[in-house]
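One chain, subunit A, links the two complexes that follow: it is found with subunit B in the first and with subunit C in the second.
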Partner chain A sequence: MSGASRLGDPGGVSRTLRGARLQLRVIQALLLREMQTRFGRNQLGFLWLFLEPLLLAGAIATIRWAFAPTNPYPGIPIFVFALVGYLPYFTFRAIVSRAPGTLQANMTLLYHQQIKLLDVVLARHALEFAAIITIMALIVFGVAVWADLLPNSIPILLVGLVLLFLFAHGLGLCAAAAAAASEIAERLIHPLVYLSLPLSGALIPLHSLDPSIRAVLLWNPQAHIHEMVREGFFGHLLPSYFDIGYVVFWVGIVNLLGLAALRAVRPRLEF
Partner chain B sequence: MKLSPPTRPSEPLAASGVEPSAARLPPPPSRRRRTSRIGRWFALLVLVPTAILAAYYAFVAAPLYESEASFVVRNRGAMASAGAGADGRGGGMAGAFATSRPAMEEARAVLAYIDSHAAVAAIRRDTDIVGLWRVPEADALSRLWWSEPQAEWLLWYWRRRVMAEFDPETAVLRLRVQAYRPEDAQGLAARLLQASETLVNTFSARSIADTMRAAQEDVEKAEARVLAAREALIAFREREAAFDPQAAATGAMSTLAALNNTLAQARTELAERRAFMRPDNPQLQILQNRIAALQAQIAAERQRVTRGEEALTQQVASFERLELERQLADRQLASAVTSLEQARSDAIRQQVFIMRVADPHLPEWPRYPRGTFNTFTVFISLSVLFGIGWLLVVSAREHAN
Partner chain C sequence: MILLDGVSKFYAVRGFGRRWILRDTTAVIRPGDRLGILGRNGSGKSTLIRLLGGVEYPSSGAIERRMTVSWPLAHGIGVHSQLTGSDNARFVARIYDLDPEELVEAVDHFAELGSYMDMPVATYSAGMMSRLLLGLSMAMDFDCYLIDEATSVGDHRFIERTQLALETRLRDRAVVMVSHSAVHIRTFCRTAAILHDGYLTFFEDLDEAIATYEAL
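This part shows the complex of A and B:
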């Protein structure tokens, strides 16, 4: 709070820039630390960041393939379809459902003067984002080599992933703040995240749904994001329905709420 | 677990010397200064742009009238049932309408056309669309900026003023056209509808021509084959001077058989008479003469049937070939004619046409631009962005203490 209280100091812009540079370095350091704590010093442990979603997506693809051997989407390998559909959801879930624990896990760090609440959260989310971008790049490469299917539009794919990250980041901030504010909220976040899977349209293309159901699902910005990622990957092989403006609107709302909520709960954090 | 002394993690340690409550609740002057600073940034980044936009909509923006039309692209009866063809032909328009269904592909094609250079060029030929979007009452910002626009820029502007939507559920195409004068909007919408109709008619004509041409070509080919087969048969008959070599051959064979029969009888008679007659008996002589004559006749007949190249057997073979060709050609012609009939009825059913659901109306009140709505949207969006930016800036500045 003392930083905010001195906002009126002269030389505001240059101080902001200096602060931003410092913050960047703090986040970098936290990123390295986060990787260490999560994967240990083992060199291979770091690989789990990529292997985990790949394995899960692979399992889901196999199940889908086992239950519906006939491919409902001509020209799209079912494995690739499941991978591309599930991966963004995996990242979303990883960010949002881990968010409540972030503050608790890193509470001791906050004794350092240079480390603020937002830095901890940002470092964690940035790690997830780096992971999903790397995995997506691997998938694009692998699919191009083995399935001979080049992504339709890399910019749309990237914008979709960035929007997904920003949306998950905003929701993660909200979740972290809510968990800090009340224990009930913390308990509710996990089931809510799981419930969001069928509503997110991650595994079902909206095109194959009834128009009335599609209209309902399109209220969920997540559905737009998944459609965007699919559009970026498969293009005209699968008609898609999304509205970037709508997603950006929601991204703005959740980020504002998240940032504000995180500031609001800061005084209540203690242990 | 509680640590002592009770501090909050968010509190920088440097500030621990200061009374915590003082840090959390800064003295009033400082707070006022802070708010005024934020207020200034807020005014600069949110209020000023919003005010500029609002002023534009309030004082500058010219009203835009929107004319709306909706239509359906339909196919004349396309249920591929067996009896549909006959019904379609027999029932005429009524029958065709009864079985008509929306033509999705054609509707999408019309949608693509409305959004294309081709449509702009076609409309521009007889309607002054540039002048229509550059009327004096149009404001400088929203009107068409060029008096002689290049095709690409005109299309860019066209796409902002002419919108077509396709509803896959109802198959209704909705066309919306905006212009600065109500009658212009209506006129342009009507003209565009007309152009779409022309396009659809071209589709129909093309598909009918395609379907019919193949069948027609088949019929012509079959006719030519029949004619050629008949010609060949006639030529053969003239050359061989035989109407039906097969019948002739049969005749020759039966003649030969009869002659052989008679010869055998004569020989039997000769052998029988020789037994009791003297060799110089004139009756024997007569019989021998007859046998000789019969043998000569048989040789002559044989000669005639198997005479070199023009042997009757060969004649029969080539005649049979020609006859078979004629029959095949006849059959092909019959089937080609049937296909042509089928193609004709198919073509009638393939015809696509535009059914107007709502003609372009004459707008009375300018719906666009939606100044209030846009201003509010921009204000709220900018506020949200400002909020996020401010919170990020504050968190960055905290590091610079």
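This part shows the complex of A and C:
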């Protein structure tokens, strides 16, 4: 390429590195800005990021407990079980269904050539991820103190959450691109995300299902992820079914698709 | 240099087919140019400046930027309305790898916003907004400044300060300004073009351009 041979343009690896540094700087600046605009400059608002999903998960756990007070999973407090199932789902939903809005709300940022479409989405998602990791740590700590139950395997729990984040991020990219390209797609995203709840395995451990239904749910990588998170938390208190390779495969697919879709939709954006 | 090579841009308008902003336009903007682009409301001036700034992409053809180009300076664009002037300056500094506090100081010095630097941009008047935007970009070093008409609102004193900066420190920088008002163009530009019906017509003489524009 003639561009790479121009003076002052080293090309190759150093060019990629320079690009990576620039992108990192941009994402850092976006993160700071996102926190300032979302929570104002007072630090109390920052707390809300963590309290919001915690309260929601707590409320749902309470309702569940009220309707079915008998514990189907011996040794596992139902409140903790609900929390561990719902929290990842909330994060997933927050990322995927908010991604189109994130894009639209931040279009004016694209006036700065340094800021790419991906950076805007990535910064927002990183914040959601930081929130879920923090809440999970709080839950682990709380459960250890009050229920005397330590997580079975923190590495599995962490890998599960990271995969959840990457999967949601990839799907979020697809959702954002689809919404930007078509109004119908934009309207479909919310119902689809809600409909995915029963198929996600967030509510029910796969072990308690009929093997034939279990096999169907295991087509959904999300079900594997929820099983992983439960395995990391409860271990052999609850048998789990997951295949990391299968999840990684789908994470790769949705991320590549999302990046390609975002790239394809960028020239068509109207300001 | 900014090269426009056979650039076309249109929007699909429901029921009306295509609305043309630019038709197969080839043009060059050179370092040090002071180009004013005149156009009526809705002629596509803002779209043109977004094309030059790489914010929007042409429908066909290519735009090549061989100099650093500012983001299109237009009312409320590129800044966040809930953030203060200072915080916006810090954000822009981080994006462009400059020292945040130095930029805040430079903007404060140029724009003379005083205590409003620490107020949310949403509370700014149109004139203050343009002072912040011009202050931000002129404190930074671009080869070419893209200015949308709304930014040229400013009081006499500020216009003089901007003119002085453009004649001294930024003398060899290019400016492309779009406006519907011949007065704005006359204040800052040396040559002019008219954007009308998707055609961009260049004039060497400013008075000739303005006379043609006013006869449209």
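Following the convention adopted for this analysis, the second predicted complex is superposed on the first by the 261 of 271 C-alpha atoms of A that agree within 3 Å, B and C clash if a C-alpha of one lies under 4 Å from a C-alpha of the other, contacts with A are read in each partner's own complex, and residues count from 1 in each chain.
The definition used in the following text is that a contact is a pair of C-beta atoms (placed from the backbone, for glycine too) under 8 Å apart; a residue touches a chain by one contact, two chains touch by 3 or more.
In this text the structure is predicted, and so the values were computed from the model without any measurement.
Of the two partner chains placed by the overlay, neither subunit B nor subunit C lies in contact with A:217. In the superposition on chain A, A:131 contacts neither subunit B nor subunit C. In the superposition on chain A, A:36 makes contact with subunit C only, not with subunit B. Among subunit B and subunit C, the chain that touches a larger number of residues in subunit A is B.
Of the two partner chains, subunit C is the only one touched by A:28; subunit B is not. In the superposition on chain A, A:114 makes contact with both subunit B and subunit C.
In the superposition on chain A, A:267 makes contact with both subunit B and subunit C. By the document's definition of touching, of the two partners only subunit B reaches A:253; subunit C does not. Common to the subunit B-facing and subunit C-facing surfaces of subunit A are residues 22, 26, 108, 110-114, 266-267, 269-271. Across the complex, subunit C is touched by residues 22, 25-26, 28-29, 32-33, 36-37, 108-115, 266-271 of subunit A. In the complex of the two chains, the subunit B residues touching subunit A come out as 1-3, 6, 8-15, 18, 23-24, 26, 30-31, 33-34, 37-38, 168-169, 381, 384-385, 387-388, 391-401. Chain contact summary for the complex, subunit C toward subunit A: residues 11, 47, 50, 53-57, 69, 71-72, 76-78, 80, 82-83, 87, 91-92, 94-97. Of all residues in subunit A, only 1-8, 12, 15-16, 18-20, 22-23, 26, 107-108, 110-114, 116-119, 211, 249, 252-253, 255-256, 259-260, 263, 266-267, 269-271 touch subunit B in the complex they form.
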